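Alright, structures below, take your time with them.
Both complexes shown next keep chain A, but they swap its partner, so chain B is in the first and chain C is in the second.
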Partner chain A sequence: MSAASLIAREEWRVLARNRAGLIASALLVLLILVANFTSLERRSAIEADRERYQASVDESFDAQPDRHPHRMVHYGQFVFRPLAPLAFFDAGVDSFTGNTVFLEGHRQNSANFAEARQSSLLLRFGQLTPAFVLQTLAPLLLIFLAFASVGREKERATLKLMLAQGVSGRSVIAGKLIGHAAIALAVGLPAFAVLLVFAAAGAAEWGSVALMILGYAAWLLLWAVLGVVVSALAGRPRDALAILIGLWMVIVILLPRALPEAASAQSELATKIETEIALHRDLLKIGDSHDPDDPYFNDFKEEVLAKYGVDTVEELPVQYAGLVSIEGERLTTQIYADAANRQIASESEQNAFVHAFSVVSPLIAIRQLSMALAGSDLSAHYDFLDQAETFRYDFVQRLNRMQAELLPGIEGDDPRISAAYWQDIPRFAYDPTDPFARSQNLVWPFAVLLGWLGALAALALIAARRIERAAR
Partner chain B sequence: MNMKITSTPAIAIEGLEQSYGHKQVLRGLDLTVKRGEIYALLGGNGAGKSTTLSALLGFIVPQAGTVRVCGIDPAADPRGARATMAYVPENVSLYEHLTARENIAYFLALADAMRGRDAIEGALTAVGLAEEAWDKRLSGFSKGMRQKVAIALALARDVPVLLLDEPTSGLDPRAVLEFNRLLDAAREREVAVLMVTHDIVSAVDIADRSGFLGQGRIEEEREASASGPRFDLNALHDRYARAGEPA
Partner chain C sequence: MSAPSIWSAEARLLLRSGRNLVALILLLALSSAAVWAGIAEVEHQHATIKRVEAEQVRDLAAVAEANAGPEGDAGYNAYYAFMLTQGPPPPLAFAAIGQRDLQPYVLRVRALGLQAQLYDSEVYNPELALPGVFDWAFVLIYLLPLVVIALGHDLVTGERETGRLRLLLSLPGSGLWRRRVGLRYGAVLAALGLPLVVGGIVMVAPVSGIAIMLLTAALYCGFWFGLAMLIGASLRTSATAAATMIGCWIVLTLIVPTLANATIARTVPVAKGIDLTLAQREMVHHGWDIPKEETFERFFVNHPEWRGKEEFEGRFHWKWYYAMHQVGDEAVAADVAAYRASLARREELTKTLGFVLPGVGTMNVLHRLADTDIEGQLAYQDSVAAFHKSLREFYYPYLFEDRMFTQADFRRIPRYEARHSTGTLALGSLGALGLLGLLALWLGSLRIARSGIGSRSKGRGPGMAAFGKLAEITH
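And then the complex of A and B:
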């Protein structure tokens, strides 16, 4: 057995006899299991609720009587975003972005009913998900287990005796790294096992699960290596502990909260009221279809009459009001789409700013990776909004076309068409975003995590040289 | 022992100079220890005894001069040099959570010097550690018992050079006598022993040569007499008290 393996094995023996360390490790493993269980329960409950609500609103929609199609445009539809399979592991921004959109004519509504607005304030401090435990609490345990790994040997002079046996500084550091790397992976094992069971059951894609496990393994290894390296470079174990806790506070607590503030200061988003006012101004510019002097709609009317070869709207084979609705919807949708794109561009700029700083706070990298693979990141939310808007436009324009094409053949002051028409409209079916389609959301976090591990490996080599000098 | 005995000194230090910052600790130290010889290096605090051991163990690279252990330069090939040496530190540093037997087995494995159960038990017997203590954790051991375990480890290494840093510190007189008998046996096996110590009485009993380290070099060396008292203890005491002063 190599010296490094012997040292690793001895490290495990030391930790196995450390009662406080064992209790802390057992508690963390328990917490991961509880987080998995409660997250899966929560996911099932939310999923069931959304399915029930969706079925209920679909039923109400189908139950609408024969009506004027424009009434159905305003009756609208609710669509609920189904949760991604791995959202139980990392709820991401789901709890804050809302998951329900009311689709209606003339306007784009934002998503509503965010969990964070309906639940207790505690939710705002982070849900108990496996991702939260692995990202925030597991590093603390790894610090606690590794901060004295090398410092203890220096302080008790066993390091000198080890080196005197012909063991190199590299072997000492390698042994400690192997020992703590194995512990780090063991800490993540319960969470990884649940992910693998999930994939084996066909509930999640193997690719996403494999990358999720690789990402978290790299994140946990990073803290184990950091613990050993700081322990080797710091003077005494208590100095190493102070440095490591300081790094945890900066990397895990401070930067991930301070950077979004800095990003929003740098690229300010319009408030809801400002957005509404700007939209209202843009909508006013479209013109008024009921104003006989409105230049845009006068031109539109002339074009329609020319297209059909008639002189008056009454001679049209289609209902002119229906055509105006189609044109009006096209124009308002463009205005809303432009506003949404501007908003998304600003938010993306803020996100890019924060993600660039994942170089100094790898928590941002693992969080980005985890949310992307769990399908609970902002990109997945935008994807849902985009699909909902595409569906809304198609849904409203179908009804507008029904108005234009079917109403001229119906007599009476209150023309209606059969409910069967909107019952035939296909329902919204969300096609979940493929995390691999946005490879930059995966490649950059992995590059950051591997970069950190590479930098720490270089520091470990320096530490190996230094501990030989420290032994004199 | 596997090393072939030659006329080359097991330990050869020539013109060794070492300073830490502005403080020059060694100023041209010359020292040789032959196979089968026990050398007591005496000196006051800060005289450079530990620095000499660090140079032999390859923990420091000499600023000037040469150091050889069994012909190997420890600065250039620390692993090779350390394979020829066993070292017993002043403050015995072994694992508290391991038993005496486990400690020896672990450090032997680290030295890539796997020995059988008999060899480990033989070394523990040789240092006079009671058998009932062999499988007890070191956390309950006295300083003397720990010292014995460390010496047992050094013996079990079965190497041609022994470096001992205050080896009798913490040992009772009877244990010192037992220890000296072990060194006698090592001498018989042509082991070169460099013993850094304050314990002149022990040095008188066992050393073949003694050297006074002062002002960064060996100020005076004395050889044990072949007949009559081995050393003049009073003269040694007197010289020890003046170590570091001009001769």
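And then the complex of A and C:
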């Protein structure tokens, strides 16, 4: 058996004798399990709620009586964002984004009823998910287990003894690293097991689960290695502990909070009000369909008349107002889409600023990776909004076409079409996002985590040389 | 030695330690950065409001131009004239931003159904909101305890480890610990509070508000120093004491609040918000399919003054349209009340939790005082609702009496007046925090006074020793 594995075993033996260490580890594992349980339960409750709401609004849409199609354009549809299966593991931004959007004609409404807006400030302390425990608390446990790993041997002079017996500094460090790396993986094990069960049950993709486990393994290893390296480089275990807690505080607590402040100063987000006002102005610039002398809509009328081969609007086989609605919807949608893209661009710019600092604070990397794989990141939310908007445009235009094509055949001053037509309008079916479709969201965080591990490995080599020299 | 020179000697001793100096400078820097960030955020919100107001003036001018005049119809004007409401940051918001990064502080409403407008979101970046805001309240609640731990965990153990403890205790005179703790307490509070005071002066914040914030900080800080004395005097080594205190900090600021939040979210659902929105939509759209008299009858229940003026020719009249929207709002009044009650219940549970958790209690006192919590947001919504009522009532005479809507009438449309901050002193929460702080200080000073005895009898601290023992054994 090599010296390194002997040292690793000895490290486990020492730690296994440490009742408090075992209690703390057991508590953390318990917390991971509690977080899994409450978070799963919470996810299924939210999911059931949203499904129930979606079914009930779909039903009421079908149940609407005979109406003018334009009334249905404004009756609109509500869509609810389904939660991704792995959102129990990492709730991501779900609590901070509205999860229901009211879709109607010529307006893009905001996603409303975000949980964070309806909770007390307690929510800002964090949400109890397995991701929170693994990202925030597990590193502290690993620090407490590892801070004295090498320093203890130094203080008791056992290190000198080992080196005198011909054990190389590298073997000592390697042994400690193996010991604490195994502990780090063991700490993550319960969470990984839950993920694997989830994948085996078919509730989540194997690919996402595998990468999630790899990512968190890298994250936990990073702290174990950091603990050993600092323990080897620092003077006394006490100093190592202070340094490690300081690092944890900066990396896990301080930077993730402070960086967004700097990022929000990077670029200004236009308010919804400004966007609406600008949009209204843009629309007026294009033209006013009520103005008989409006050049844009006069051209549009000429085109329509030419297309149908008639001379006047009255001769058209379709309702002209319906055609104007279709054209108007096309124009407003374009302008709204431009505004939405601008907003996404500004937000992405802010977020990219924060992500760039993941090199300094790898928490940002693991958080990004975890949210992306769980399908609860901002990209997934954008994707939902995008799908909802596509769906909105489609159903509004269907209703507009109904108005153009069906109304001319109906007499009376209150023309309505049969309620049977409402069943022809499709219902929203959300197509879950594939995290692998946006692979840059995965590659960069992985690169950062591996880069940290690589850098720490280099430091470990330096530490090995240092303890050898110090012993001589 | 005379009394002042003992103090200055102790102060020199405190600052000679690299760790203490670094911790204090760090706290000063973080507190300054947080106050600066808070001021930047508040300025940003003011600037946004100004920008929106300027846009709004142009927009209203265009609406008036297009719709008001000798032939103007109040119905069109009411339909197109969105009126701006704004909730500028209260004077103390810079120190405790609270929910102001998520909750809208500009919202436009028109005379249509309020319940379909009141819950709209404004644009914010969810990913930036996710980790929580970086403000003075954050530095106080999260980071100050760590500085206290750095400065206070080895008061007794440090002296014992260097072998000075017995000598110190055998020296004549009293008040050694009082001086040392008092000095550290004062230094920490100064490093934390100075930037707040400067920020308060810059932002022209009320002196009483800043004073209460400082008092809150003093009590919270007292709790942690009390704990530091209690733990530091009960454990044998500095590492054990530090680790035990970190364990306390994790439990009090990371674990219990998140557990409590999960429990509160589970026990108090807030789905009524969606319910009322859906119900209001059904009501309003149902109005198109029922006889207009029915809608008017419901409308007259609360607006009897317009009875007898509902007749009109043709298929459509704006007075019916606005009456229908109002009836939709009134129909969901019970749901609205239930929704508000669920939000209030969540606040109340959080407040109760704050009675036993000093961090949560501090959070509650600061944000209630700054008016940046849910209660502040609800007060803003109330003021918007009151404004909406005045807006409707302004239009009704034009609609029901078929009056023309001229440019002069447009200028008379009521404008929203920003409400005054409704920040209040949460006496109960502050009292509970005071009790916790003083209790910890009292117990701590009792314990530390017996530290000489403790050092001989190897006293053990109660509870929370898991991390401490761990550090001791691995040490």
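FYI, the second predicted complex is superposed on the first by the 469 of 472 C-alpha atoms of A that agree within 3 Å, B and C clash if a C-alpha of one lies under 4 Å from a C-alpha of the other, contacts with A are read in each partner's own complex, and residues count from 1 in each chain.
Rule of thumb we're sticking to: a contact is a pair of C-beta atoms (placed from the backbone, for glycine too) under 8 Å apart; a residue touches a chain by one contact, two chains touch by 3 or more.
Values in this document were obtained by computation on a predicted structure and should not be read as measured data.
**Student:** On chain A, do chain B and chain C fit together or clash when superposed?
**Tutor:** Once chain A is superposed (C-alpha atoms), there is room for both chain B and chain C without a clash.
**Student:** I'd like to know which partner A:286 touches here: chain B for first, chain C for second, both or neither.
**Tutor:** neither
**Student:** In the superposed arrangement, which partner chain does A:344 touch: chain B (first), chain C (second), both, or neither?
**Tutor:** Touch partners of A:344: none, neither chain B nor chain C.
**Student:** So in the superposed three-chain picture, is A:158 touching just chain B, just chain C, both, or none of them (first/second/both/neither)?
**Tutor:** In the superposition, A:158 touches chain B alone.
**Student:** Looking at the overlay, what does A:313 touch: chain B (first), chain C (second), both, or neither?
**Tutor:** It touches nothing on chain B or chain C.
**Student:** A:14 contacts which: chain B (first), chain C (second), both, neither?
**Tutor:** After superposing on A, A:14 lies in contact with both chain B and chain C.
**Student:** Using the touch definition from the top, say if A:214 reaches chain B (first), chain C (second), both or neither.
**Tutor:** In the superposition, A:214 contacts neither chain B nor chain C.
**Student:** In the superposed arrangement, does A:6 touch chain B (first), chain C (second), both or neither?
**Tutor:** first
**Student:** Among the partners chain B and chain C, which is in contact with a greater number of residues of chain A?
**Tutor:** More residues of chain A are touched by C.
**Student:** Write the angle, vertex at the C-alpha centre of chain A, between the C-alpha centres of chain B and chain C, to the nearest 10 degrees.
**Tutor:** About 90 degrees, rounded to the nearest 10.
**Student:** What is the contact status of A:40 with respect to chain B (first) and chain C (second): first, second, both, or neither?
**Tutor:** Neither partner.
**Student:** Considering the aligned complexes, could you tell me the closest Cα pair distance between chain B and chain C in angstrom?
**Tutor:** Minimum over all C-alpha pairs: 9 Å.
**Student:** Once the two structures are superposed, pull the chain A residues common to the chain B and chain C interfaces.
**Tutor:** Of chain A, residues 14, 17 contact chain B in one complex and chain C in the other.
**Student:** In the complex formed with chain A, which residues of chain B make contact?
**Tutor:** On the chain B side, the touching residues are 51, 54, 57, 59-60, 78-79, 82-83, 85-87, 89, 91, 93-95, 97-98, 106-113.
**Student:** Touching residues of chain A toward chain B in the complex: what are they?
**Tutor:** 1, 3, 6-7, 10, 13-14, 17, 156-158, 160-168, 468-469, 471-472
**Student:** Which residues of chain C touch chain A in the complex?
**Tutor:** Going by the criterion above, the answer is residues 19, 30, 33, 37, 40-41, 44, 48, 51-52, 55-56, 58-59, 62, 82, 84, 98-99, 102-103, 106, 108, 119-134, 138, 142-143, 146, 150, 238-239, 242-243, 246-247, 250, 253-255, 257-262, 264-266, 270-271, 273-274, 277-278, 281-282, 285, 288-289, 315, 343, 346-347, 349-350, 353, 360, 363-364, 367, 373-374, 377, 465-475.
**Student:** Enumerate the contact residues on chain A facing chain C in the complex.
**Tutor:** 14-15, 17-21, 23-24, 27, 31, 34, 38-39, 41-42, 45, 49, 53, 56-57, 60, 64-65, 67, 71, 74-76, 78, 92-93, 96-98, 100, 102, 109-128, 132, 136-137, 140, 144-145, 147-149, 152, 237-238, 241-242, 245, 249, 253-254, 256-258, 260-261, 263-265, 269-278, 280-281, 284, 343, 347, 350-351, 354, 377-378, 381, 413-414
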